[in-house]
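The first chain written gets the first letter, and so on, giving A, B and C; residue counts start at 1 in each chain.
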Amino acid sequence: MELRRKDLLGMADLTAQEIGLILDTAASLKEISQRPIKKVPTLRGRTVVTLFYEPSTRTRMSFEIAAKRLSADTVNLTVAASSAVKGETLADTAANLQAMQPDVLIIRHQASGAPHYLARRLRCGVVNAGDGLHEHPTQALLDLLTIREAKGRLDGLKVAIVGDILHSRVARSNILGLTTMGSRVVVAGPATMLPPGLTALGAEVTHSLEEAVRDADAIMMLRLQLERMGQNFLSTLREYSTHFGLAPRHLGLAREDVIVMHPGPLNRGVEISPEVADGPYSVILEQVTNGVAVRMAVLLLLIGER
Amino acid sequence: MELRRKDLLGMADLTAQEIGLILDTAASLKEISQRPIKKVPTLRGRTVVTLFYEPSTRTRMSFEIAAKRLSADTVNLTVAASSAVKGETLADTAANLQAMQPDVLIIRHQASGAPHYLARRLRCGVVNAGDGLHEHPTQALLDLLTIREAKGRLDGLKVAIVGDILHSRVARSNILGLTTMGSRVVVAGPATMLPPGLTALGAEVTHSLEEAVRDADAIMMLRLQLERMGQNFLSTLREYSTHFGLAPRHLGLAREDVIVMHPGPLNRGVEISPEVADGPYSVILEQVTNGVAVRMAVLLLLIGER
Amino acid sequence: MELRRKDLLGMADLTAQEIGLILDTAASLKEISQRPIKKVPTLRGRTVVTLFYEPSTRTRMSFEIAAKRLSADTVNLTVAASSAVKGETLADTAANLQAMQPDVLIIRHQASGAPHYLARRLRCGVVNAGDGLHEHPTQALLDLLTIREAKGRLDGLKVAIVGDILHSRVARSNILGLTTMGSRVVVAGPATMLPPGLTALGAEVTHSLEEAVRDADAIMMLRLQLERMGQNFLSTLREYSTHFGLAPRHLGLAREDVIVMHPGPLNRGVEISPEVADGPYSVILEQVTNGVAVRMAVLLLLIGER
């Protein structure tokens, strides 16, 4: 079976069968990163361009490592100080990059929909590495792979997603992907951080962390974006942490084989206690490892030999 | 035939035969970027260092992609915040880089003549990727390749170069290269943007866009460097655009197979209307594609096996 | 013989036998960088991550070139604007990087001991590329290689280290490495720039440049970190240069085959006169060349096939 797509833009587009294909492919590629020679020639001579409108992050690194382990050539462009300053439009920047004949463009952009806009205009593949508050599909795919590895399946699970759902493209992509795969998703957070329309996406909504994690198979804690918080910072933080910070006592409410996830970077002591983050239920670092495998799978399925 | 040079510093240095050799080589390498496996082993084990005293740009990317498609190793150094801050001289920085035994150093620097200064001191090859207001030879070479592809020749053509000639190393390198190859070059722009000495370079000068484009085989629009414009910004811009912005009506004055070029990034609606930039006469993206091919040719001719 | 270590953290850890092994390995690898095809497949499929908490420098480039000449894949992360801004701890950043399964992490950090802290927590190798005022072992190793090449040995030599010893991790690592190898080290500098405890490290201390360089086999001038100097800048600088700047007249005091070294970047006319820096006794660029060889050796010994 193959992925009949030019682009990976969001979990909203993917069928259960396509998600399954990506996860199966990732699972089979994962072993490459454990070899002494972590490299296969599959994408030799392919050109992978990363176009990040935010400073270099670990997502960029994860894609770069994934590409290199498949022997693709990678070129990085961070556009803080470059063409964006010169007033060039996104479409022109992308058309220019495409004219250098890359096979795939991996884009992170602060505007929701930017990758979709480019995908319609470019012949080369486009992978969304995070667009505004919209989607971050490879993060959701690595989360799904991590849950599936731990549980053996995705359907029929209860997954709690906790925190600032409103500002989280990670939450949004996970809700879409998990519900497509048959998981039940319960989101929890302060009222101000829960956008309308979550039920339309297929999630159940609660204001109680306890309720969300009760009998959960997996708990996904979101990063509190401290940089968004204004005045009254400390009191808000303390209150947030009291009500929505995951602590060891919460884990007793969940299923006994619960896993705890976080997309990173962690705010230790804010949305997650160090005891939980470093404890036996945590699969946070496994998520990172699976990130490389999922990105290898996406690159392989999009631009590998058919 | 081979290029008996250690460095590529400017179009002023190149004979018609040398330019022809570079263009022929680029034309033959272009096909590599259209293969599924866009890579040949020609420069395997060569080290290409880019040294950019300006933030990372597409010129850097174009060189990096060119080097990788020939299997060279590339290392990038952007020197905004690095050694330049520490007060090291350019000569010391370059001597240090050379001591790491690269095969070629690709330099962009705000000072005219910086690459020439280094070329005299270094054993390794030096490629000028833009020096101050002086030269940008690989840009001129890709422009020449683009014109030659469209017209089948360079001699006897009329090429219009329009805009801020004074601040354009692209214009300067193109005037030198085009006249060497037998083209007639007519430059147009506001009086304040035309430096003295253009006729000595071999160009004809006019203050009228219409006159420049009349019967032209190729029209090269320059980027208006908005960052240089001071007060009265908008009125100046409007006036500039009225007199020197290329619009569809101008194309009727040119030859019917005219091509429209621009080195990018575009200021849409300033020096070029969107209709023209995206229209059937535009070869702007072909220029970018040819940029990779020309840079592959330059690297191959400078540091390939003799 | 092999290096039975996971990490290279400092010269303080290394025995004379280990240093000898690294230098011998570097000497044998040096020839690779002189070939037309400067590349061997030894570390193919290994992943080398550079994690620099300072802007990209030549040390990063030197490691990157070393890794590429051994065919390893390299990924660079400069953490000024990235996760550090988001408040992630160093341990979390490093654990995340490790989860992407690199073979070795090369770290530069402003905090002394940061690489040691990580080395204890990570399974992958850690190389200290400079930690605060503490150590910079690959710089000391390249210095030792340079001296050994010039003199044929290290034991019984007199090496002068001159300048701001207090703020120099280069001085510290060299004192440790040189004394381990049997050299006699004499340090000189203004009283304010000489930390207590130098004699405990094995160095002799003087306040006189003349005394330090008398009969020296090698003179190592340190960079004056002008960015640390406050008010009275110029008078201090003039005074410093008068008393501790190396000029041609000093070389007559040293052994006639003396070599002059500097870790770069140079402050010409401050700690070293241009005549000396560019003169026949200078091995400053040889140090840079040896830097690539020493880093190749370290990578090979740490992560190569056993």
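Simple rule for what comes next: contacts are C-beta pairs under 8 Å (C-beta built on N, C-alpha and C of every residue); 3 or more make two chains touch, one makes a residue touch a chain.
None of these values were measured; they are calculated from a predicted model.
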Copies subunit C and subunit B - interface residue numbers shared by over half, same or different: different
Inter-copy rotation, subunit A to subunit C, in degrees (Cα atoms; steps of 5): 120
For subunit B paired with subunit C, centre-to-centre distance based on mean C-alpha positions, whole Å: 40
Of all residues in subunit C, the ones touching two or more other chains: none
Residues of subunit A that touch subunit B when the two form their complex: 44-47, 49, 73, 75, 77-78, 80-83, 86-89, 92-93, 95-102, 305
Subunit B residues touching subunit A - in the complex, by the definition given at the top: 33-39, 55-58, 61-62, 64-65, 68-69, 226-227, 264-268, 285-289, 291-292
